[in-house]
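Below, each structure is written out as structure tokens.
Two complexes come next, and they have one chain in common, subunit A, joined by subunit B in the first and subunit C in the second.
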Partner chain A sequence: MADHVVSPSLTLPRRTRTRRREAVQGYLCLVPVLLVLGFVVAWPLYEAVRMSLYDIYLLTGFLKETFIGLQNYVRFAQDPNAPTYLLNTLIYVVGGTASQFLVALTLALVLGRRIAFAAFWRGLAIIPWAMPITVTAMVWKWILNGQWGILNYVLVKVGILGEYVSWLSSPVWLWPSILMVNAWAGFPFMFINLLSGVQGIPRELYDAARIDGAGGAALFWRITLPLLRPVIATLLLLSVIIHLREFATLWVLTSGGPGIRSTTLSPLVYVTSFRYFRLGYGAAIGVILMGASLVFTVLYLRRVRFEA
Partner chain B sequence: MMGRSISRRQFLRTSAALGAGGTTAWVRGAPSAGAAVKLTAVSAMVAEAEVAWEKEVQQKWNRANPDASWERENIGWEGIFEKVLAYEKAGSPPNLGYGWTGFTADWHQMGIIDAPEDHLGKPWKERFADYLTASGGDVINGKLWVVPIQAAAYGLVSRRDWLREVGVDPYSIQTWDQLVEAMAKVARAKRNKPFGLPLGNAWNAGEKTEWFFRGNGLQNQADFDPAKRANYVAVLETLKRLRPFIPDDALAQDYTGHRQAFATGVAGFISIGDYYFGEIYPTAKKLMTREQVVIIPYPSGSRGPGKPFSNFDMNCYYMMAHAKDKEKTAKLIDFLTSRENLLRWSLAHPPLKQWTVDEAVKHRLYGEAERWWLEDVQAIASKVPMLPSIGFVAKNEVQQVYYEHLLRVFDGKMTAAAAYDAMKEKIPALVKAAGG
Partner chain C sequence: MEAARPRSVGGRWWRRAGRAGTYAVLLGLMTWVVFPFLWALSTSLRPVDTLFTLTPEWLPRPVTLENYRWALAEPHFVIPLRNSFLVSTGTAVVSVALASAAAYSLARFRYRGKNAVVAALLGTQMLPTMLLIIPIFLIYARVDLYDTFAGLILASTAWTLPYAVLLLRSFFLDVPVSIEEQALVDGCSRLGAFLRVTLPLSLAGLVAVLVFVFIWTWGDMLFPLILAKNIDRQTAALSLFNMMQSTRGATNYSGLLAAGVLFTLPAVVLFVLLQRPLLEGLRAGALKE
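Let's turn to the complex of A and B:
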């Protein structure tokens, strides 16, 4: 009987063996990438979740860790400021995404047409994105200064304002000012993507619709918007995630102030961890932030897939 | 020309060979035990005078000590905490950290700093004898925990010309009532809100109102001694009385914005102390004249010292406890704090015993231009009590609680007494939880 036992590999056709070898080689090639991803993504993620379950307070022992289960999460839930942090985060995410999208879509529709110097205008629109965000925020902080900022100066000079406004401390103007800076700094990313989407829509569709008597609004609602839908879906998803974790603009403009009026979860993670030295609690807030991002992503993708 | 193709197997082999070669080269390139030492410092130099000083002393040190070269990393105040902590966590703390009196209690509590006097002895400590107190924020359990580089005497840097316009002698402002009255006069005459205060974030707001607490018989914002309740409430009430003279934009200002407000002439009174000159002179030379600017000692509250006062703190390096090469670090500290080097430091004044204005202007960056300022500072220091800043643990978190309540008092959402009672529930607990 033993004479009839043949190694399975020898029974496989040559093509299958080649495929298997190629697959192994392929996975081997992926190893460096997986190692890097594991090191920069999976391990920090694991560490963040692990730390969130510990009391790590540098002032009671440098890097001393005590397991406390979910207490850090309970603490956040019981923090009387938590509703303000969450509301601020919501305002920033929704307001930031909506304002960037509206500016980007408007510009994409205008600059997607055949207009004079189109390349120049498109290039100009991308400039804000090329600037480092901290530089952008610092420049805007100066422009918006309530005492010597140029915006007040110009608006008072041309008669739009009667007196100087303290844009970054006024309860009325604080969020619109932040969102305006955010829109200015972030719209080019959406604009580039939407512009390529707009340019990818076949002209024949518009021509045919016009022959059928469609006007500008109908063209937009019936052709442009539906065909941009996949691009818009991706952009909105990315934008929400970007805004959830965004730190630099808010930090440079207001440091989360006055008080906690513009503190979102992202700066709160930083302040809790590195100003209050509560690394465990900071990690828990970070995990909540990540959780919010994940929940939104899953729900949004399911919805988009369902609609598709 | 045809390109040469490469198989997957060849690619893998080549990659592996390159990787192995690189690793070998890296291992061979690692320093051996007997090699020259590298000392490191993470600092927060921002002003022209600070940056120039550190660069100069580094060059001097490195020329004289090729076997222990000093590498400095200057990252500014914003990132200093996390940078030092990250190095500490990674097991490679710098030899020297940087900060000021406000950091000392927390860093000491964490156990990440050493007392330099343990390595350099009492004679080294004696250099700073004028600034050593039993209660000061840099002396804990009788030991000096910092490497003093600068002593700062605090007061209200004020527009002398504005006060002259309304007929107020700057040195006549000795009580809080007189301060409020003077602000009202200036505000009326100049049609502005002249009192500068950086209320854009907790730590700046906390630091720049600290003097009210010292000036009313309290140690700091964390002093909730029940016997001093009225003192604390009076501080909050006085700040509320000053609110009409603080511009709304102060609520969006950090330390830099507050300084700019003075330099651009929109604020006329800021609590900043004698280091103001070195920070502002490079950008507002015309403003920094005796005719226009005066530093006046802080007026005191009714429960305070009873007369104007100044308080002081220090900017300093820290000797990091877990760094290597302690002996050479101590030598570097000794070098940095030599009389010659400290006299070259051009902000505030040297933390030395018996320094003279003549000696200082000879060594400092701005030379004779600073003479009048240093003379004024010395005059104040000799006439009014100099109270040391008293540190406390969990400072940043305490300041946040204080700041949020101060804003509620400003907004009229809370009375001063209610704010005190609310803070009393939180702040002592925070300090206690941090081991204070």
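Let's turn to the complex of A and C:
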């Protein structure tokens, strides 16, 4: 503010001037990123929240928007299918997070030990991460095919199954199948982070505990798990956020079907907005989804320490 | 010590059983991880008329490359494949170029509001894509970015930027400030010091971020699904899904899987070649505890 009164460059001490120049340069470097994020994230975010208060039906034209307040939200609350959508979302978020975590933790514990070819196994285990989700779905749908799939063939031949199962359309097997493929596609990220956590635990701790007579289970519950807790908490929060918004995995596998049996909120927003062209209503459901994920985002941000 | 002896005898047996169990778990999980790759490969190598059988064989017999020939002659795969290269490369280059300036600023310059910027970037990463894409679609239609490569690259860039900035920042922070100060003393400008010292020293990180963004964009099907209409603009992640949904794809599943294998190849090859820096990235990216 004082800048207007006295000419700054002449009166301020040199140190302050360089400081200020540094700040200006620093801000300038951020400008391109902020511009892009402003155009593709911030503006659309504002628009989305605004649209959720309007009735916008794409087929009647882009510009016909009628303000209806919170009616879109009321409509969702009164939708007889809403409990199903919410339950599906709960199943997917909890089941998806838990299954990925269990696979990742098991593998991290196994490969954290002294094991032959550990680096090779580790490399192999992360490859699903590089497979495009479309191809993942393609392969798994072929394996899980009700008539010609290899899984049915093997399970019936070995005697585990009495008859062929339509994995992705049977009410009993639908979610287990989705969660299994979802775990396959998504566990590598958690695995890598848990593995580096496990490897970061000093060996001396285990040695000392063993001398004191601790067995394998005690080592796990008393040393490994407590020391991994911060990493685990962060990973679980991230995973919940990712599962809440996940669309592609569900869409390529089942497209939310059969019927609406595997429709979570994210595919629901897509169907409402781009199949039925109810953009305002779709945005309202999306805002509800964002509200849910905001809770976990805040928890996540509170865990992350900035060293700026 | 007297009391410890029986324990250790039992301990040895337990340890051996534990070891066998460990390997059994490893083998089981690894079979589950690897099998889909092998099965895709195996299926893509058999004639399509041997596919739909009640007694499938483990290995293709006879082996044929017919499906690969089919995939590489199929315009609905080849054109989108080219588009995937265009959009992924474009996104990787633009995203890393913009991100490195911002990351350097966040790593080295002193000014107020840095924490807010980092928190905003982290928060942006968490937003549900599906909500934002509704207005993005409308905005794109208004400014003629709908169904263009530029529009796809812009959206993917925005989506990968927070990640790229945070990851590059952590790589820049690993370069000692003293080296940079030395360059400044030797007469380099701030920009010169960045371009000639910091950037080359974090080359591994730079490559890792490039590849990350490339692979992410390569596999993403949501942006093309909503922001691209024409086959000339669709990427392969989307066109393969569309083919899978059509009757043509459903009947020629071995051809479809051949296309899938070809489409997966670049991502997996990049990944295997650059595993070390990528692993570093997977670790550092989201988790700075």
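Assume the second predicted complex is superposed on the first by the 283 of 308 C-alpha atoms of A that agree within 3 Å, B and C clash if a C-alpha of one lies under 4 Å from a C-alpha of the other, contacts with A are read in each partner's own complex, and residues count from 1 in each chain.
Operating definition for what follows: contacts are C-beta pairs under 8 Å (C-beta built on N, C-alpha and C of every residue); 3 or more make two chains touch, one makes a residue touch a chain.
All values derive from a computational prediction rather than experimental measurement.
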Touching A:59 in the superposition: subunit B (first), subunit C (second), both, neither? first
Which of the two partners, first being subunit B and second being subunit C, lies in contact with A:69: first, second, both, or neither? neither
On the A-aligned overlay, A:83 touches which partner chain: subunit B = first, subunit C = second, or both, or neither? neither
With both complexes overlaid on chain A, does A:29 touch subunit B (first), subunit C (second), both or neither? both
Could you look at A:127 and tell me whether it touches subunit B, subunit C, both or neither (first, second, both, neither)? second
Applying the document's definition of touch, where does A:115 land relative to subunit B and subunit C: first, second, both, or neither? second
Does subunit C touch more residues of subunit A than subunit B does, or is it the other way round? C
Based on the superposed arrangement, let me know which partner A:143 touches: subunit B (first), subunit C (second), both, or neither? second
Which superposed partner A:162 touches (first subunit B, second subunit C, both, neither): neither
Let me test your reading of the model: by the given contact rule, A:276 touches which partner, first (subunit B), second (subunit C), both or neither? first
Subunit B and subunit C footprints on subunit A, overlapping residues: 22, 25, 28-29, 62, 147-148, 273-274
Can you tell me which positions in subunit B touch subunit A when the two form their complex? 8-9, 11-12, 81-82, 85, 88-89, 106, 109-112, 199-203, 247-252, 254, 257, 260-261, 264, 266, 393-394, 396-397, 400, 403-404, 407, 433-435
Please output the residues of subunit A touching subunit C within their complex, sorted ascending. 19, 22-23, 25-30, 32-33, 36-37, 39-41, 43-45, 47-48, 51, 62, 103, 106-107, 110-111, 113, 115, 121, 123-143, 147-148, 150, 153, 184, 188-189, 192-193, 196, 213, 216, 230-231, 234-235, 238, 241, 244-245, 247-248, 251-252, 266, 269-270, 273-274, 279, 282-283, 286-287, 289-290, 293, 296-297, 300-301, 303-308
Please name which positions on subunit A make contact with subunit B in the complex. 22, 25, 28-29, 57-63, 145-148, 166-170, 254-260, 271, 273-277
What does subunit C use to touch subunit A in their complex? 4, 7, 14, 18, 22-23, 25-26, 29-30, 32-37, 39-40, 43, 51-56, 98-99, 101-102, 104-106, 109-112, 114-115, 117-119, 122-124, 126-139, 141-142, 154-155, 157-159, 161-162, 165, 173, 190, 215, 218-222, 226, 236-238, 240-241, 244, 253, 256-257, 260-261, 263-264, 267-268, 270-272, 275, 279, 282-283, 286-289
